[in-house]
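Two complexes follow with chain A in common, the first pairing it with chain B and the second with chain C.
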Partner chain A sequence: MSTEPRVVAEGVSKWFGSLVAVSDVSFDVGPGVTALLGPNGAGKSTMLRMLCGLARPSRGTVRVLGRDPRADVDVARAIGLVPQQESVFEPLTAHGFVRLAATLHGLADPGAAAAAALELVGLDPADTRRLPAYSKGMRQRVKVAQGLVHDPAVVVLDEPLTGLDPRQRAAMIALFQGFGAEGRCVLVSSHVLDEVERLGSRILVMSQGRLAAAGDFRELRALMDDRPLRVRVRTDRPRELAGALLEAGTVVGARLDGDQVLELDTNDARELARALAPAARDRDARLLEVLPLDADLEGVFRYLVQR
Partner chain B sequence: MSSQQEARLFGLGYRRYDGPRRRPAWAILTLAVFTLRRVLGLGRGGRHKVLPALTLVIAYAPALVSVGFAALLEDLPVDDLITYGEYMFFIGSALALFAALVAPEALCPDRRSGMLGLYLAGPLDRDRYLAAKGAAVLAAMLAITLGPLLFMLAAFVVAGYGPSAGETPGLLLRILAVGGTAALGYAAVSLAVASFTTRRAAAAVGVVLVLFVPVIAARSAVESAGAPAELDLLSFPFLVSELSYRIFDEFHSEGQPIEELSSWVVAAGLAAWTAAGALACWLRYRRIEAHR
Partner chain C sequence: MSALDVSAETRPTATASLGALYRLLLRTQVTVPRLLGIAALGALSVLLGVFARWDDDPVQAAADVAASYGLGIVVPLAALWLGTAAIGDLVEDRLLVYLWLKPVARWHLPAAAVLATVTLVVPLAALPLAASALAAGAGEAASAVLLAASLAACAYAGLFVAAGLWFRRAVWWGLAFVLLWENGGARASDGTARFTVTSWARSLLSTIDGVDVPLDGRSAAAALVVLPAVAVGGWLAATVRYRRADVD
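== the complex of A and B ==
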């Protein structure tokens, strides 16, 4: 599988009058799943619009599969967009709506392609109800079906898990992971961080119109050396263990939480990992649990957008 | 199916599409047909068909009445039949109403519902999108600018009132010229107005205002205040009917100031309206930011 970048943004800025929505953002995205994260107003939607050719960058360039998605219809056909909006597009049946997308993309048998795409997201192609009669979750799945019906090489998903129940979310996540594993470029914008974490570890974080971070979020956490890593340790002798680690300078802070729980702040997670077990052995303490507290995606995200 | 070796598991996941794909131009045709069906209410509930059907009835009524009289009254003088040239004048209101109905229905819902974003993120760029929408509105307008005239021609020929075999091709060309010019002009102007709002009702009112306010103002100024005849060039529906009279060599407005204007000036005025409408719509869509 080629790891060549499929989506490249170089020095992209976008402003509306005096409002700067995106400022000098550069990144590239290869095959697999990448999550685009950021608080409201961070510029994610504007960025996605530029990636899909819906808006022109005020400065900089956007390339999808090496070409300009706004100027090149052929590359636009290789993009599958699942939009965020919740309004119903057209008062068609689900099959009619997805078939329209398939026909526009020039598939030879749009009816069959639409039926297959709807079945893939767990909907009945023979359902005669029109989209306004569908639940929010069903409409969400119809949007996913229309975005995938033409077998796109680049899939752009804007909040694709909104409105889905846990079972459907799990199915969608598996579907997107499968796409990524097949070598497609899957770019997901989402606010649901724990589900983004299940999708994959590669993230782009936008904050205030700028790119705050790009890469594997665990590696990003390791780079945040100006912020102590918090680790929870459960042990039968927390006071003795905290004393030993503070004395050795392995941790910069320790807090007791009850009789057995100790929360440690360290600037060097590797050093703590090396020193913890010998310190426990020396103090005759039993280590019952060791758990990093803010090494998850949410911790990384919170840090990146609040710094 | 008795041996285990015959057992197979089939993947139920995503099926890749390896078949042929049509050229991007196919998307224009697809969207044009989809839009045409939508504006005519085809494949939609009954209430969506009422207004298009009513307007079509109004547009065809003069032709049907004229042909009906010709069929029923065998010795009806030809002068009593409605002429090709005056047809555009008779159905001027229906043309404006239809344009006010069709163009907003073609353009506004896409921006309001977000379909525009889906179209532009896929196989259509802005020019192709507008080409599809323009083709759909033009086809709908042709149904009432060209349809009744062709119907009259066919019916009059059958009833014996029509032109001779030698004159028919020439008349047919004139009908195509009038119908095509009128449809193109109404489509361009109404699409331009509709491109400025996402609300169908506002667009419909806007189309009616743009078509009729200049008519009232210019005609009043020319007829009552003695303003120069060139002011009539601001009256789009008036230009359409005037050009129709001239193409069919039927001069109706004896003594009217517009007689001072040559047919080329009238044609240029209509062409300017059409070009201005198309350009305004195109420029508007250059600037529109599509949402998802």
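== the complex of A and C ==
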């Protein structure tokens, strides 16, 4: 299997008036599954639109299979896009919608290709209901089917797991991983860290329009786990507990807030998680609440951007 | 399949892609409110034709109904309602992405939109105008009315499909265009009338025997060229916009 990059972005920026949506982003993506991770508003969808040629970069270049997806309509033959938006052509059935995509891709037998794509995502091609009658999850799978119907070499999926139940998510993730294993370039965007963890080993992290990090997911996960973290602990013996944790080196700072609340700074969240309960037990302290602060995904991205 | 060699892949034939897009746009354009609204305008023209039957000169009266109400109101409004929606609705509903990222020449979608609009406007607006002439007892005027209304429908379809791509809230811009320019401008002076679709369409009514239509230097023969040319111009403007647009 060739490991040559299929999708290349070089110094890509996109702005809308004074709003900079994507700023000087460069990366390349080869065969296999690559996840584009970032919070809402990070610029992921704008980046994917530029990769597919749907939007022209304000600066920089994008190449898919060595060609400009904006100028060369034939590149569309190799790209399968599952867009983020929920809207679909309401007068159509699922089969009609996917067959339309097959027809516009010039497939010899659009009806058969549409049926195969729908079966691939677990939907009945013979279903005569129009798309508005479908559940959100079913419509999402129809969108995936129309993106895959022409057997593309590059598959771009913008938040494809939205609206799916856990069983459907597992099936979709297995499907995408299978495509990656076949040597296709699969680029999946998500703002859910755990979702990305299950999707693939390579990730690109975007935050505030910039590429914050890129590489193997395990390395980035370790980086995220090791970042400084602030934890709020409510206990009936805050002074004793803070002293014990500081003495053990589990935390690097402790601050009392009132009679019961303690804010702890640690560089090793896992070690704190292990040491907190035994320390409380040894000091006869009751743990009433343990709340990580700044532990949301935004916090993780902010940390990665600041590094 | 290995799709790495993109050049080895074939595009759909123009017939296949135009046909698929045309059928799709027909289905997305047709909504009950639109059909009822346009049908009501058409039905009113037939009713006006019935009243024209009692006029001293029913042929002239039928031509007047076609010129003022039909070509000034019914045809442009029907084309406006359907034409701006043809691609404009896809833009607003963020559906264009499903059509843009396909190996299809960019001119196909605007062409399909113009064709679909004409397909709906002619039976919904032009045919009732011809029926209006028949109802007035001016059967000899019906074919000229149908021709004028159909060519006007083509011209307006081109313009309003383009407007749907170029402007947000294209219906309102188009409504102002129809009322202020196509009706007000057409009556303001000979110079402005020369640049209105409705005046060129009205000139085709001069081919009806015994009907007095102010031509102001225009000719029915020239209208046969000008009106399709406006349609082509609108289609080209829509294609230019579609090629350059960022698709959401």
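Operating definition for what follows: the second predicted complex is superposed on the first by the 219 of 307 C-alpha atoms of A that agree within 3 Å, B and C clash if a C-alpha of one lies under 4 Å from a C-alpha of the other, contacts with A are read in each partner's own complex, and residues count from 1 in each chain.
What we mean here is this: contacts are C-beta pairs under 8 Å (C-beta built on N, C-alpha and C of every residue); 3 or more make two chains touch, one makes a residue touch a chain.
What you see is a predicted model; the values in this text were computed from it and never measured.
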Item to check | When chain B and chain C are modelled together on chain A, clash or fit | outcome: clash
Checklist entry - After lining up the shared chain so the two structures overlap, which partner does A:91 touch, if you call chain B first and chain C second: first, second, both or neither? => result both
Checklist entry - After superposition on the shared chain, which partner residues are touched by A:175: those of chain B (first), chain C (second), both, or neither? => result first
Checklist entry - In the superposed arrangement, which partner chain does A:67 touch: chain B (first), chain C (second), both, or neither? => result second
Next on the checklist: Once chain A of both complexes is superposed, is A:146 in touch with chain B (first), chain C (second), both, or neither?
Outcome noted: both
Checklist entry - Which partner does A:120 contact after superposing on A: first (chain B), second (chain C), both, neither? => result first
Checklist entry - With the two structures laid over each other on chain A, which partner does A:53 touch: chain B (first), chain C (second), both, or neither? => result both
Checklist entry - Just chain B (first), just chain C (second), both, or neither: which does A:109 touch? => result first
Checklist entry - Looking at the overlay, does A:101 come into contact with chain B only (first), chain C only (second), both, or neither? => result both
Checklist entry - A:75 contacts which: chain B (first), chain C (second), both, neither? => result second
Checklist entry - Common interface residues of chain A with chain B and chain C? => result 49, 52-55, 73-74, 76-77, 79, 81, 83, 85, 87-91, 100-101, 103-106, 146, 150-151
Checklist outcome for this item: Per the touch rule above, chain B residues touching chain A in the complex are 13-17, 19-24, 26-27, 30-31, 34, 44, 109, 113-115, 117-125, 128, 289-292
Checklist entry - Okay, in this complex, where on chain A does chain B touch? => result 45, 48-49, 52-55, 70-71, 73-74, 76-77, 79, 81, 83-85, 87-91, 100-101, 103-109, 113, 116, 120, 146, 148, 150-151, 156, 158, 175, 178-179, 182
Item to check | Residues of chain A defined as touching chain C within the complex | outcome: 2, 6, 49, 52-56, 65, 67, 72-79, 81, 83, 85, 87-92, 100-101, 103-106, 146, 150-153
Checklist outcome for this item: So, in the complex, the side of chain C touching chain A is made of residues 1-4, 6-7, 9-13, 16-17, 20-21, 24, 27-28, 93-95, 97-106, 246-248
